[in-house]
Structure formats: C-alpha cells, structure tokens
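Going by the order they are written in, the chains are A, B, C, D, E, F, G, H, I and J; count residues from 1 in each one.
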Amino acid sequence: MLYHVRMDVHPPRDMAAAEFDKLKAAEKARAEELQREGKWRHLWRIAGAYANYSVFDVADHDELHGILSTLPLFPFMDIEVTPLARHPSTIANAS
Amino acid sequence: MLYHVRMDVHPPRDMAAAEFDKLKAAEKARAEELQREGKWRHLWRIAGAYANYSVFDVADHDELHGILSTLPLFPFMDIEVTPLARHPSTIANAS
Amino acid sequence: MLYHVRMDVHPPRDMAAAEFDKLKAAEKARAEELQREGKWRHLWRIAGAYANYSVFDVADHDELHGILSTLPLFPFMDIEVTPLARHPSTIANAS
Amino acid sequence: MLYHVRMDVHPPRDMAAAEFDKLKAAEKARAEELQREGKWRHLWRIAGAYANYSVFDVADHDELHGILSTLPLFPFMDIEVTPLARHPSTIANAS
Amino acid sequence: MLYHVRMDVHPPRDMAAAEFDKLKAAEKARAEELQREGKWRHLWRIAGAYANYSVFDVADHDELHGILSTLPLFPFMDIEVTPLARHPSTIANAS
Amino acid sequence: MLYHVRMDVHPPRDMAAAEFDKLKAAEKARAEELQREGKWRHLWRIAGAYANYSVFDVADHDELHGILSTLPLFPFMDIEVTPLARHPSTIANAS
Amino acid sequence: MLYHVRMDVHPPRDMAAAEFDKLKAAEKARAEELQREGKWRHLWRIAGAYANYSVFDVADHDELHGILSTLPLFPFMDIEVTPLARHPSTIANAS
Amino acid sequence: MLYHVRMDVHPPRDMAAAEFDKLKAAEKARAEELQREGKWRHLWRIAGAYANYSVFDVADHDELHGILSTLPLFPFMDIEVTPLARHPSTIANAS
Amino acid sequence: MLYHVRMDVHPPRDMAAAEFDKLKAAEKARAEELQREGKWRHLWRIAGAYANYSVFDVADHDELHGILSTLPLFPFMDIEVTPLARHPSTIANAS
Amino acid sequence: MLYHVRMDVHPPRDMAAAEFDKLKAAEKARAEELQREGKWRHLWRIAGAYANYSVFDVADHDELHGILSTLPLFPFMDIEVTPLARHPSTIANAS
C-alpha cells in the first residue's frame, strides 16, 4: 500500500556537528536499504529546503510507523503522512 | 525536470452534471495522454478527497504551466507546485 | 486497518430541503449498513457542529476511498483521513 | 461522557534520555491503568508521528482535566479536547 | 457542566430580509428562554462582529448539541465549543 | 467594561521548579485578589490545557493592560483580548 | 478610549452596481461625519486592497459596536477590533 | 509617506534582566527621539500584549528599514509593515 | 520606489466568458502600458496558478494604490503588497 | 529558468556575535558572486524584516538547490521557492 510522506528535518542546534553527521550517515544508509527493499519507493529533495517528499510501499500502517519512527533522524523531523489510493485516470506504469 | 503537484478539485455547484461529466472525461483523456508521453509521471488519489498528488517530468516551468493551465478542470482546481531536486540518498530507481 | 476520519458537512444553500433530506436519509442508511458490516467502527457527532469523528476498519486505502467517495453526502463534505497504527500502550480491548 | 483527545508529544531536548524514559514508562503504566478502568476508552498512534488520538469516557470536564493534567508527559504535550455527542446514525455498538 | 461557545453568524445573501428577520426574532426568543432556564449562562457580543462568546451550563454533551443544533440560526453559524473545567484559582462566585 | 481574555501559559523549561512554583503561588494570590475586587469576573480552566478563559470588568484598556502585564506569569503567557459589547438578546443576569 | 480597527470590504457579486454605489456614498458620508465628531480618529487605505486601518476614539465597547454595526457597508465587511492602551514610550502628541 | 507597523517583542530568556533593561531604556529613548522628529507618528500599546501598533512617516522604504532595523530591540521583534495610502473618505485632520 | 506585489485572480463564475475575456484583454493592454512606462517593472506567472508575482516602481503608496485599484481585474483579485528596501548585498544591476 | 525565492533569516541566539558576523560576510561575498554570474538576478530587502525576496536564474532545480543549500546562512534560514513561468502580458524587458 502506498503512503505519501513529507519529512522536514530540524537539526538540533545544541548537538556537536560530528554527532549529527553520524546520524545523517545512518539515515542515508537506512534510506538506501529501504529503497533497495522496495519499501521507500520514491525520495525527492524539496528544492531549497532540508525536507523531502517520499512515497512508501508497505504492508500496513504499523509497518509504516515502525519504519518512520525508527529512522535515525526521526527525533528531529516533522512528518506528515497521506494514504494514497488508486486514481481512476492512472495508467499502469504511473501508480 | 520533476515537479511535485497537488491538485484539489472543487466541482462547480451551478453546472449541469452532464456538462461537468464531459469535462471529467476530457480531463481523464488528457491525463492518460500525458502519462503515455511520460510527462505526468505519477498520479495518485488522496484517500477520502477529490484531490491528487502528482509528479510531472517536463522541460521547464513554462511547459509545466502550459500543461496545467490547459487541463479541462483547471478552472475548478487549486494547484500547488513544488520543484523537486535530486535527494543525496536516492538510489537509481527511486527518483 | 484503522483510519481516523473527520467529516464536515456543508449543506448546499441552493438545494430544495426535500432533496437534501433524501440525501441525508440515504447517508444514514449507508452509515448504518457500514457499521453493521464492521467497516465504520465508530461514529461520533462533534458537539455543536455538523461534523463527525469516525474510525473505519477496512482492508486498504482503496476500499476506504471507495466507501467515502460514494457516500451520498460526499459532494458536500470536507474529509480528512489519518492512518492509525497500534499504540504501544494500548491494552487489548482499547484499539 | 465521551471526549475526543489529540495529544502531541514534544520530548524535551535538554533532559537526559534515562530520565525521559522513566517518564515514558510512568505514562505507559498510567495509560494502561486508565484503560483498565474504562476511562481511556481508545488509544491509537497517529502513523508517522509522536502523537495519538484517544477517546476518554469520564464523568465530567473536571475529571477529564484532572486525568490529562496529571499524566507524566503532560508538560511535554499539546492537547486538544473535543466533546463528542451521540450521532443520530450511530448503531448501538459503534458509539 | 460549563461549555465555552463562540458563534459566528453568516447571514445568507440570497434570503429575503423579512425571512431572515423572522429567524433572528426566533433566535432571540430562544436565547432568552434558555437564559431564563439557566442553561445559556452568559451571552456577550464580540465588539465589531456578528458573533458572540457564550457560556452554557447543561447536563452533558448531548444536551449541548441538542440546544445548539436546533437554534434557528444554526444553519448560518460557525460554532466552536470548549469544555470548561474548574480553575484552581477561582473563588466561589467567579466560576 | 468587559473584556474576554484567553491566556496560555508556557512554563520556562530552564527555570528551577521551586522558582516557578513561587510564581504560580503569586499568580494565584493575585488572581484571587482581583476576583475579590470584582475585576477578574470569571476564570475558567480550558479542559486539557494549561490555559484559561477569563472575563475582566475594568474601567478601561489602560487598567486592563496594567493588570495583565503585571501578572506574575505574564512573561510566560500568550494573551488574547477581545472587547465584549452588550448582546441584544442578553437578559439582565447573563451579561 | 482608542480602538484599532481593520475593515476588509467584500462587495457582493449579485448586487446591482448602482445599489452598491449608493451604499458606498452613504458609508463615505457616515465616515466623514464620524471623523468630524472626533470618533473616527484615523482612516487609512491599505495600499492595494479594498480595506482600511482605522483608529476610533469612543466612550466604550458598546458605542464602538453601535457605530461599526450600523455602517452602511457593515454586512459586507470583515472587521477586527484591538483595544489600544497607552504606550510607556509615547510622547504627548503621538497617542 | 505613511507606514503601518506592528511590532511584537519576544524578550530573550537567556539574557540577564539588567542587560535587557538597558536595551529597553535605549529603545524608549530612540522611540521618543523619532516621535519628536515626527517620523514615528503614532505609538500604541496592544492591550494585554508586549506589542505595539505604530504609524511611521518617512521619506521612503529605505529610511523606514533603516529606522526599524537599528532599533535596540530589533533582534527580539517580529515586525510587519503595511504601506498606507490616502483613503477617499478621509477628512483633512484624520490622515 | 519598489513594491513587491502578489496578485491572485479569481474569475467570477457568473460572468459570461465573452465579458470576462474583454476584461482580460483590457488588463493585458494596461499591464503592457504600465510596463512600457517603467512602472510595472517585473511580471511573472506563478507556475500552475492564475496568479503573478510583480515588482512595481512608482513614486509612492498613493500612486501604487491608484494603479492597482483601477486594474480591470481588480475586483476579482486578492493583492498583497510588500515594500522593498535596498539589500546591503545587492550589486548595482540586481536591484 | 527563473525561481522566486523568499528567505527569512533567524540568527542563532547562542552563537558569538563575531562568529555570526563572519557568516554574514561570507554570505554577502557569495551573494555578490552569484549576482555577478547572473544566477541571483534580483535581491531585495523586505522592509522591516531580516528577510529578502530574490529571483534566481539557473539551469534547473538541482542547481538551485545546490546554490541555496550551500549558502553560509542556510542553516539559519527559512526558504520558500516558487517556479516562475512566462506571463502572457510580459513585454520583453520585464521578465
């Protein structure tokens, strides 16, 4: 099932840069792993912002929440989830 | 270039149903054509709403505006456009 | 799967009362049917408003959208959908 | 009487993780106790967020405020309360 | 139990003035009746607006919704309800 | 003259609990004094929030501002003031 | 006593231009009369909008509401009122 | 030329009171100087808030920005500027 | 002096297309005239919307309001004006 | 391709003034460089605010994001990007 997700990252002012860089590297590794597994189907940078639009393809709400809430940057993100249904005008390869 | 687009449709109260149905059919035909051409890359229904999230892949802002502003339902839609950049954690097939 | 839904009804000013009453009766019948089927799990009136909070239990986003978008009052409602995951502090009979 | 409640948790940046974990454990224990007493009737995680939708069943506003304002995480939560009335289309087991 | 209520009236443009005046007179009569019964405890005009702040004192949410939703001007009002609890610093005659 | 006031308290994270408790005690004493003087006519807790709705009865804007801006918790509050006029449907004891 | 007022005018689409022009002329006459009486102390056009910022000097909330609610354009305006207190840094001729 | 300005002051939590008092004294001195020069034409306290509505009369946008951005409290203020045009219903002494 | 202006056009539903087309042609002619005069310095379409961002260069607020409020589409536009000052990092040809 | 950009700067409270001044100088140097290259086409100060409206002329979204996200003040800015299309009423030298 598909979920549209917007994530806005708010880096903590009071964390040492090196520590935050480690979190970012862990986030990147996790994001790539989830993309390879086909669960994080799309990941786009919102131009000009430390934010992304993403589409996830997971079994259900619990799997989605489990994935999002364990992302290394989760404590520093605002996340907005929208369930996506099939659009009647969508052709096969655009869903 | 990729653009994230949200469209919310507000059907006019004072138009005959048959006339609006014609517009919807024209919109569907145009949406399918643009998908086949690869310009309307993704089209998802927002669950519970007469609205969609879409991703367009076009040459530039002018082509995007030309496409959106000539959609048959354009006069009845609120449209919000966000330019999408490449995300540093995106793997090849998820952009 | 559970979805939290808020519906706000905006009755059309320009529809004859009898015609709208027919829609309301059809909405009520459909709501009761969906409750009996176990798909519309909770339905509460928001005090002081022509609006409700509901919880749906359906197979997936497509079933939810199919149900909501064919409600008799759908053209006159603003609907907001939130996917619900299991809460780690929920005991068995409170989900 | 039923109250719809949304709680958004904002963990304090400047508290030691162990101390906050103790608060979370106390919150969980209290939530389970209130569920067993039948006062916290529903508790759902909002997917992707450190937030929940809940339904409380208590005697009156004062009891509700007493419960909410003494939750261990109360100082770190935004809380929004909506009184729920009976919906005319609700069948017996869906209220 | 006390409820804080804000009502904003939006008179319909397309109703004959005489018809709306009849509704206003009925609203006034009902408001006075509810005040005499002690249920509409306070009623203040918001300066400069066709709106009021009110406090209701009724048995429960259902009675409140029953009263508000049958006000003659209900179809033309936006209503916002807030449950009021006892404040720890309130002295006897200020609640 | 009557003023409707909403106050939302945001306790400072970085103040010692004992120091803030002293402020709260001073606030309570001042609130009770103003109620006894008939200037703070109503004081209600907004259920579920560290906030109140109040009604003040003072000579003019300057007296109101003088009272509000010297409340012990003033530096930690968001305050919203609305002037209240007489409502044409108010009966004598409900103003 | 001074009140800051913002008025936004929304001319009705379905009124004949001549009829609205009559209302505008009546509004202008009333505004000038109130200015001559010293009650409408300041009146400025917000550049680019059919709106104004004004300052009224009247005895109390009831007089203000009486004036505003009987303006010829009142049914077509959104009005926002803010009570103004004396500023400690104001010199004599700037209040 | 006239500009309507709203300033909201947010005193820094982490500055010593004596240091902030010095800034406030400097701000007051500068405000009085600008009023005497006729550039800060009006200055009113928004009742209940650490905020003001002001009207400036300066040569152009650059002079306005120069004045506002060098106010001693500028780093702690949210400022909103609105250009004011002549209102067609303004009589001579109310502009 | 420079002003940043955003205009959002809301075509009236109840006007004949031919009549609105005449207004649009008049608006276009006026816009071109003002550009040739150097007063409407920039005019850009906001991609996907019936809206524009513009920059005007006029003598003062009154001239700006005079120009905007007599645009043929003024009655159908929401307009937001922001005064622009010189930026300290602007080089000569970028203001 | 043209992009409209609004940047709001929020200087960090906890950074030494000298360190922030260094960032500002670097930002100024970079802004001037980008203007000389013709990529930062316009740069205006929003009067009364630590904010600017800008227009960028770059090859694509990725170049824009690359430029914005490496500005020295990027970690302290809110940035909002709007793609600009050609307006049908624009004459040659006003785009």
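The rule we apply is simple: contacts are C-beta pairs under 8 Å (C-beta built on N, C-alpha and C of every residue); 3 or more make two chains touch, one makes a residue touch a chain.
None of these values were measured; they are calculated from a predicted model.
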Chain pair, C-D or F-G, that carries the greater number of C-beta contacts: C-D
Between chain G and chain J, tell me the centre distance in angstrom, where each centre is the average of that chain's C-alpha atoms. 39
Chain centre separation (chain E, chain G; CA means) in Å: 27
So what's the Cα centroid distance for chain D and chain H, whole Å? 44
Where chain I touches two or more other chains, by residue: 2-3, 14, 45, 47-48, 61, 64-65, 81-86
Okay, what are all the chain pairs that touch? A-B, A-C, A-D, A-J, B-C, B-I, B-J, C-D, C-E, D-E, D-F, E-F, E-G, F-G, F-H, G-H, G-I, H-I, H-J, I-J
Interfacial residue positions of chain H with respect to chain G in the complex: 2, 4, 27-28, 31-32, 35-36, 40-47, 52-53, 55, 82-91, 93-95
Over in the complex, which chain H residues touch chain F? Could you list them? 11, 13-14, 45, 47-50
Residue set of chain H touching chain I in the complex reads 1-3, 60-62, 64-66, 81-86
Which residues, counting only chain H, touch chain J once they are in their complex? 3, 5, 12, 14, 61, 64-65, 68-69, 75, 79-81
